[in-house]
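Reading through the structure tokens given below for one structure.
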């Protein structure tokens, strides 16, 4: 299926930050059935990330604040090469920076490794000066997107934060600047406190919520973006089973990304793909595209 | 305990929209141990609310779009009178309107029933022209809060929406305008779709997420507001057990409101109060005030 | 729980305005008197007491029920439940009286099915407007059935209360009542006078919003009992001195007197 | 799971730089070789293989472990676990060899406890830098124990590999190895030459972020096996041709060669 400028093997994509630190780990997820692979977010210089705990399973999901650890684009080119050599799933490079110059530097720096697409992380909720620090301002998102689109010759997707008053205004800025798709959502700002010690559990004190807890939030964002934009929407947030993926697609997603659910099942891509196929067959559809956004017509 | 201008029987308050349609239902929650009672949100004219389904239990919480059904202030004075005559828990009137004039009209209209406090609903995420439609704009929140504070002689609390880029800017507007406390959070924008029919499940198509799913979001909002404001913060969102209430208090809440958890246990107030007392005793504190915001000191 | 997507497998036209819809979803654990929230896609969701493990019996009265009457076999509705508190079934040696008016026969019929299966005898007073609208008479054939019709087209001409007035209720261990609230309240008054209302269970209707006991829209005065969760079945003693028979509330919470 | 608030009930100073901390939290279901994430409040969280159902044995090497060494009985840490894949315990009639270097004795000691309790004989090669740092020698007393020290202050002077080179391994059904990666890799090479590496299990260390198999920070080349979830214990056959013994990655994901 061709979505937003790249040829996906199927509609289930490995989300950024999950098994995306090495080419080998990415390739493993490709072998496990992912339709495309998004890398860990890569920046201009090596970054250690926040102190641990950096990810903890809560009652209804996960909270994390990794802090964008990465070996920088120069350190990561080799990993993209390995991933591409060991799987035929398209490779999407997630990148971040503090401004459009940094974003462009990172994108250019990775071009030699031939990623099939870039995903701009303007949405990580817990990295000061990066991620949502820039992604809550439509003008900055427009500027960053436009410069990366200008600098590379592959599609550019923009991953959005739900932690804004109006996600469609950010999505529109990305679309206007030439993004081939928007990806929604990144994690939801959240926090957990250990009541016995009194300490916030994450090393960074707060972080981003993922997993089942955020699925209704993601479905609503995807629904709104589908209505507001012309470019495809990639749905992500709390998908753990075929039913979740189908719900997201009915809301308006052309494809879905899967993250935290890898915790319970590294074969999750295959499971979800089979479930989507069974659903399409049961209800007489021939392909995922037939049901994308269908809930908008049910009135 | 005296919190934000009213004398609570204990730190567990019945949240707005829960068992708050009639004086009798409110009084029942008072008998069940609530430290104070917030009414259903009352507006200027009778309102039927959205079509059903208006509340559905999801995997990790509830999604609802009631649509602010209420008999108007003139119809509701009698209910407040009944609630006040049948329980000694302080009665907090939740009110809404489309602008400061409507808010003031409703507040003045309820004064004869002698509520102990007003809670301004500038945060309901699914009522066009009301709730979060006004509560995402700091200037509007300031204007509305200031006019109600001016019109009444009891404390005014402002209930905030988490569906904004920066909740502290809204909280500061409320504080500056004279609010005695802020209440955080109202529900998180969300949506659920029935994959078999393709229809969004709520009559209003989308609504607000509550229950365990949103607790980490609420904890973070309370933590940020505690740091940003001088007035007390009342914590609400996903509290279902004593541990949840304690977590919210450690984040910075002076008291907590309890909503969806009434679904599983109408005696939840007593359960949580006992649990808080046991915690205080175990760790050698004498009152809830001793631990409010304590997580900020754990560094 | 999310609504269960349920296919209509059979429709029985009980009378011009009453139909029973059967579904491929069976609520095996349901107790007679429990209800489901019935979601008519794109229209509304309304509470319906189960008239069987996989059926509801619907009178056409509003938007949702009118839309239901346009649906056929193979169409779908969303069902959530079973919810609420049902009837207390009789013990083996107890004597049972059913009093049902109109579509109020639907919640009670499953109870009649059970007592018939258990070999308990049940006496029924079954009222309707006319002979065409007598509901489930065969399901109540577990003992004597006194039919009343408003127009006298079958059985006794008059109301179930007329029949009840002449019925000795002192021997019954349990009396189950469902019908229009005015009818039920009159039954309640008669039985209270005879001091047997504590043996009686009534299945009530109110406007529901959430249907799961949270919002309080269906709370009754003066105790704040929720019809959707503490009911819909209440013992007569719980209804003494309540709003029952006097008023209900509409969707905005305004009182509507009967 | 959230970290379990765990009180330190006892501290044993095993050597100047190694202490065993006992907690009031018991991981009864833990398999030898499984680890817990140990949260030192306000500092960091690090993985530690359990040296017992309620103990970890810690070498002072960085911020978190240094802070741990400032804690006393009655202080608390947060523990999450048990996580990961542990050792495969031996069957009743199997012959067992343990090879442990330094604080690497800690993950293996619980396995020695088990086989001792089951009456299985185990041969141990236990290495350390000097006689003061020999760890858990009494827990390995389930058969012959060959001690090696780098400085010759006790037992054989030299490394565990020197002892292993002279040990006939053909009779052992299972060989369990833990220690510094360089040591483990040399053991691996010797055993591979003898073609018995498939009988061998190694307990590995890597930098963990999430500790629960999601982030991929501890993935090993070339298969992308996660040390925190697919390991930390790996069969020798799984490590053939891998990064094992060659490099690991730091917290930013950059390779660090041994």
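All chains are identified by letter, namely A, B, C and D, in their written order; residue positions are counted from 1 within each chain.
Convention: contacts are C-beta pairs under 8 Å (C-beta built on N, C-alpha and C of every residue); 3 or more make two chains touch, one makes a residue touch a chain.
Since this is a predicted model, take the numbers as computed values, not measurements.
Engineer: Among all the other chains, which ones are in touch with both chain B and chain C?
Structural biologist: A
Engineer: Comparing the two chain pairs, does B-D have more C-beta contacts than A-D, or is it the other way round?
Structural biologist: Between B-D and A-D, contacts are more numerous in A-D.
Engineer: Indicate the whole-number Å distance between the mean C-alpha point of chain A and the mean C-alpha point of chain B.
Structural biologist: 33
Engineer: So how far apart, in whole Å, are chain C and chain D when each is placed at the average of its C-alpha atoms?
Structural biologist: 68
Engineer: Indicate the whole-number Å distance between the mean C-alpha point of chain A and the mean C-alpha point of chain D.
Structural biologist: 36
Engineer: How many angstrom lie between the CA centroids of chain B and chain D, rounded to a whole number?
Structural biologist: Between these chains, centre-to-centre, one finds 51 Å.
Engineer: Could you pull out the residues of chain A that touch at least 2 other chains?
Structural biologist: If we look for residues of chain A contacting two or more partner chains, we find 58, 192, 197, 199, 298.
Engineer: What residues in chain C touch two or more of the other chains?
Structural biologist: Within chain C, the residues that touch at least two other chains are 41-42.
Engineer: Drawing the touching chains as a network, do you get a line, a ring, a star, a complete graph or other?
Structural biologist: other
Engineer: Who touches whom among the chains?
Structural biologist: A-B, A-C, A-D, B-C, B-D
Engineer: Applying the document's contact rule, which stretches of chain B touch chain D when the two form their complex?
Structural biologist: Answer in residue numbers: 298-299.
Engineer: Which positions of chain C touch chain A when the two form their complex?
Structural biologist: So the residues of chain C in touch with chain A come to 41-42.
Engineer: Under the stated contact criterion, what part of chain B meets chain C in this complex?
Structural biologist: Interface residues on the chain B side: 17-29, 40, 46-49, 51-58, 62, 64, 66, 69-72, 75-76, 82, 86, 192, 194, 196-197, 199, 201, 203, 259-260, 262-263, 266.
Engineer: Of all residues in chain D, which touch chain A in the complex?
Structural biologist: Checking each residue of chain D against chain A gives 1-3, 5, 37, 39, 41-46, 76, 78, 80, 208-217, 219-224, 226, 249-254.
Engineer: Applying the document's contact rule, which stretches of chain B touch chain A when the two form their complex?
Structural biologist: Contact set of chain B toward chain A: 58-61, 63, 136, 163-165, 188-193, 195, 197-200, 206, 209, 212-217, 219-220, 223, 243, 246-247, 250-251, 279, 291, 294-295, 297-298.
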